[in-house]
Amino acid sequence: MSNRPSGRLADALRPVSLTPGAARHAEGSCIIRMGVTEVLCTASVEGKVPPFLRGQGQGWVTAEYGMLPRATHTRGDREAARGKQSGRTQEIQRLIGRSLRAVTDLKAMGEMTVTVDCDVLTADGGTRCASITGAWVALHLAFEHCRRMNVITRNPLRDQVAAVSCGVWSGTPVLDLDYAEDSKADADANFVLTGGGGIVEVQGTAEGAPFSDDELLALLRLARAGTAELFAKQRDAVGM
Amino acid sequence: MSNRPSGRLADALRPVSLTPGAARHAEGSCIIRMGVTEVLCTASVEGKVPPFLRGQGQGWVTAEYGMLPRATHTRGDREAARGKQSGRTQEIQRLIGRSLRAVTDLKAMGEMTVTVDCDVLTADGGTRCASITGAWVALHLAFEHCRRMNVITRNPLRDQVAAVSCGVWSGTPVLDLDYAEDSKADADANFVLTGGGGIVEVQGTAEGAPFSDDELLALLRLARAGTAELFAKQRDAVGM
Amino acid sequence: MSNRPSGRLADALRPVSLTPGAARHAEGSCIIRMGVTEVLCTASVEGKVPPFLRGQGQGWVTAEYGMLPRATHTRGDREAARGKQSGRTQEIQRLIGRSLRAVTDLKAMGEMTVTVDCDVLTADGGTRCASITGAWVALHLAFEHCRRMNVITRNPLRDQVAAVSCGVWSGTPVLDLDYAEDSKADADANFVLTGGGGIVEVQGTAEGAPFSDDELLALLRLARAGTAELFAKQRDAVGM
Amino acid sequence: MSNRPSGRLADALRPVSLTPGAARHAEGSCIIRMGVTEVLCTASVEGKVPPFLRGQGQGWVTAEYGMLPRATHTRGDREAARGKQSGRTQEIQRLIGRSLRAVTDLKAMGEMTVTVDCDVLTADGGTRCASITGAWVALHLAFEHCRRMNVITRNPLRDQVAAVSCGVWSGTPVLDLDYAEDSKADADANFVLTGGGGIVEVQGTAEGAPFSDDELLALLRLARAGTAELFAKQRDAVGM
Amino acid sequence: MSNRPSGRLADALRPVSLTPGAARHAEGSCIIRMGVTEVLCTASVEGKVPPFLRGQGQGWVTAEYGMLPRATHTRGDREAARGKQSGRTQEIQRLIGRSLRAVTDLKAMGEMTVTVDCDVLTADGGTRCASITGAWVALHLAFEHCRRMNVITRNPLRDQVAAVSCGVWSGTPVLDLDYAEDSKADADANFVLTGGGGIVEVQGTAEGAPFSDDELLALLRLARAGTAELFAKQRDAVGM
Amino acid sequence: MSNRPSGRLADALRPVSLTPGAARHAEGSCIIRMGVTEVLCTASVEGKVPPFLRGQGQGWVTAEYGMLPRATHTRGDREAARGKQSGRTQEIQRLIGRSLRAVTDLKAMGEMTVTVDCDVLTADGGTRCASITGAWVALHLAFEHCRRMNVITRNPLRDQVAAVSCGVWSGTPVLDLDYAEDSKADADANFVLTGGGGIVEVQGTAEGAPFSDDELLALLRLARAGTAELFAKQRDAVGM
């Protein structure tokens, strides 16, 4: 039983949907919705690699993240107008890129780059985690497109990857914080997990009082349950 | 009869829809679709004006424009990552802002600013014109919101404004160019017109050979017919 | 008869002069004066093209625009010190470049780039139009220089191009607005026209009330008369 | 027993020293050395707060991070010359700031800001963790300075905070990775812990294969042992 | 006797002219020509001071420097387009500002700022020195304008200031290097001197072999002779 | 006899030390201390030259300068965070680079670049001069390193170079101004001199009243005496 603001049970995800093919021009794309949060993920394929990888016979996967100015309750500055990306934006896009590369066989890609853009259309907490979960679908679809075009012979993804944020709310560990919960949680941890059960990234932050080892483990258990649902949704979305 | 690439008649708009309320957090919003082109327009209200207008008892309406990196056939640079907005982006957002101000009674707003963000989700030609048409709907809805909140006593919009691009395609003046037509047109003109029949902006450019006075007039006549349809769709969208 | 602030007749240009050879080092140059407005135009030739044109056997013409900080009544920021060009500057330099390319046979240039710099020494309205008219002279002279150097066998300019702004002042269409007139005009339109009578660009903007089709046509007629004079001055300046 | 490149035991820190008072002008300062890694931490006090906190009667603690161009094996770009801080730099300085705020009673500070600068003089792995550990000493000393000056009546630090990186090296969890170990580790986790035993931040990343829950716990246990030593060194450095 | 490239005697200035009133809108202005070098200097008055001087009852004089892209033999980048001023530009404008402040009674100005813009129209060596000499005339005229407007009761300039570059050319000290001489000189020194005989700035640089004390003194003597002529021209230009 | 704030005699340097080998990773390095002022100089070797020198068979020596934010009495902005280097920083790093190149046989280097970074750890006046003196030691050591690695056959340094600032304090010429003296000096001159007695750079500035020829000469004599001591310290530091 939980009395969290959302009324959800402690271990309940928000309603989740993964809609593939949302962007007409992209090689792979997906809109992920987790409750009100909505992120458009597009995967773009380019037949070359960044300078530091040239001639090494391997590929690269990278990500960029953005938020529409009015994705949020009050309008934020447009980063393009301000002339630079915030530290938060850069931190998130680096995390998305690392998470995707952790389950990609870069050697199997050959010399190509896939750039996954995650653009938040509506924000209500958990945008970085939703981006990772949706980005995997877009990336998978882009690789399938390349396979159909005979650019690669097999899909270089070795596993699924998905992410969810958990937190300690009013003393209770809860799954999938929305914005109202996140802004009042005592602690907040994002887990990026693989289909095979491994941890790719864990980022836990105490907002108020520090948290304990037991709390960290409780959050991790919730995240495993939550990502299990997300992995099933991903497989549906890509037809696996 | 026309043999334009789209197969449309010379005076036919693409299928148009204006979906109000698309952005959950914004005071006013609208997704406009013209064929494949799709633009999310959000209007954000803030209770103050830019420094150059302070203390003058009037309001301000401004616009920003952006394109998601993979709105286009091949991925474009993210302007936020590149650290500046292109000349094209700035030109377009200045045009949208001027067009909206042309039909707004700034005095009647009081000291408030409405920023309309036009973000292109999918691009297939005509994004600046679609932005103007959709922005008017978002702006109208935001003003209605302010009226319901008793911030203003009447909607400061004096008229409707909408825009459409026309061009000379293979010698024939045609309405509402899509991307394939635009890239091969001899001339291209964007018309921003008011519900009352006036011209707010006209921007005509000869891509190949210069065009004649008669061609300019033919394009203007097509634009009048096209915007008449757009004005009807706008009224539907805002419940007028 | 007109009662415009300048005292000029409705269809009268300001005194115009085009002084060729004003910049010692440039391949082609010209100072254009229209009344008080004074713009230095220099054309610089470089034996290569931008990356997107390499290997295509054609040339490129581009333009940059700037205003000295105290060209205006009150000092403006130096764009180099502020670290970026304004949207207005970028809009103008894109317009100048397009206008020049519209009358240039890029194929006939071979792989070379001409950059025309238009720097406003004194501003009193109409600087973008004066820039185009003067830029054509600088470009013509630079091409003649290349011909004398046997870099090209004929001048790649197919026609003349000149520009003038017109406006509706106190209900009357008038030619060649100066700053005082421009800031109070109801509507304002810049026309870029060719020697052969074609329209290259038209940019009309209603500052106050929208304007009508008839007004647009009246402005266009004034612009034709005005550019006829400018074309004659251009021919004098280049010795045609 | 461990065969890690450094020859250290799996649970052995590098030689650590914390030298207080290293910067003559700063209110508090410290040089921390962990093996070859050397970071200068200075705490600067300013009697005002950032705009978003004004008038709320509380203070602020923030951090900036930098690396001298030749702190590393091969020279890196100077961020000031390149004109922006990298995503990595911003991520690290945000982490340092959050870690310090987690143990500071901001209300007890009154309206003042302490900026802690962490500048890496020599880098050999673990610079972000060393920065946090050294920054706490600099911050403590700066607060003591303010207390002696009667600006505050008690030191607003509620607890100690220190950080250490652990990793899985060749299958074995090991403490305090140096550069050679870090670049080949399978997984890498930074733990920011408090003197009272709580977790402030945990950032774990799988470089190669994902890691398991047991590995995460083993790394956490190593980090607890390592930070226990660091807390003792910190107390020595500030004379507690 | 001298065999310098210009054919001038060792102690001969290039032909110099100072044309006051060249910029219609500026409170004070001057075009200085030294041989082919040509700089437009404008002085703009603003009734406030920079933040660091507010409320101190004194004024400020500052300078900005720029070069038109085609002032030089081959076109240089436009600094506004590149998005930043070069180190050379900043160095020069700081020098001009210091030189003018050295002869200005800032207290006597009251709270006003004069910004002197020095824009090089044509460059042939010695642009920074010419800028200083011309800037003094523009500044003097602007102060006279303020005096006539009764903003100040007397001209706050305490003395004249002018500058000239000297160099060692092929073993011989020579006055007023032009571009061809400057690029081959062994040493090069800019002297900023006052009407009263004092040294405000000296900047000597050995381009090849270091120079001796005697050479430094010889260059200083040449500079004194050269600036004597410049002071006379300045007095003519301002009607003293 | 002198009553300067520091209590030093008019011709006395502050205590000077040059500690070679201070930076573990650099090919050459040195910490220079002049009184409280402390600068870390590192020389980094790279086997290529900037584009403008490619294929000319010569090398390049360049310098960058920075100041840690809290090197000064009150914290300064971090230039990397502000996004650009100040004019002062650029001026100083250009001066250091020119000074080093004046005593380097660039032809003898072959195609390599040495970048000398001068980072001020503590500032108390004279940082640019200390940087030059220390940079020479770092550069010498880096060249010796290259010689031992058989990259070059002899050290390309032709002479020593060192710098010192002198000033007129309360009417008396004094050597090696510290911060307190510098901020009140009437005039201030930096001299960059060679071991062989030549002048590489002289930069004199009147802060208050202009200075005379005699004062300039007196300052130069003091600088010669001061650099003689610095040259001896440099030779000790590099084992000459």
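Going by the order they are written in, the chains are A, B, C, D, E and F; count residues from 1 in each one.
The definition used in the following text is that a contact is a pair of C-beta atoms (placed from the backbone, for glycine too) under 8 Å apart; a residue touches a chain by one contact, two chains touch by 3 or more.
Not measured: the values here are computed from a predicted model.
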State which chains count as neighbours of subunit A and simultaneously of subunit E. none
Please report the minimal path length, in steps, between subunit B and subunit E on the chain touch graph. 2
Taking each chain's centre as its mean C-alpha position, how far apart are subunit B and subunit D in Å? 51
Averaging over Cα atoms per chain, report the distance between subunit A and subunit B in Å. 33
I'd like to verify one number: the distance from the centre of subunit A to the centre of subunit D, where each centre is the average of its C-alpha atoms, in whole angstrom. 28
Multi-partner residues of subunit A (at least 2 other chains): 83-84
In graph terms, with chains as vertices and touches as edges, which category applies: line, ring, star, complete, or other? ring
Circling the ring from subunit A via subunit D, which chains come up in turn? A, D, F, E, C, B
Residues of subunit D that touch subunit A when the two form their complex: 84, 87-88, 90-91, 93-94, 98, 102, 189, 193-194, 196-206, 209-213, 215-217, 220
Per the contact definition, I'd like the list of subunit C residues that touch subunit E in the complex. 23-26, 29, 36, 40, 42, 44, 46, 64, 66, 68-75, 78-81, 83-85, 89, 115, 117, 119, 121-122
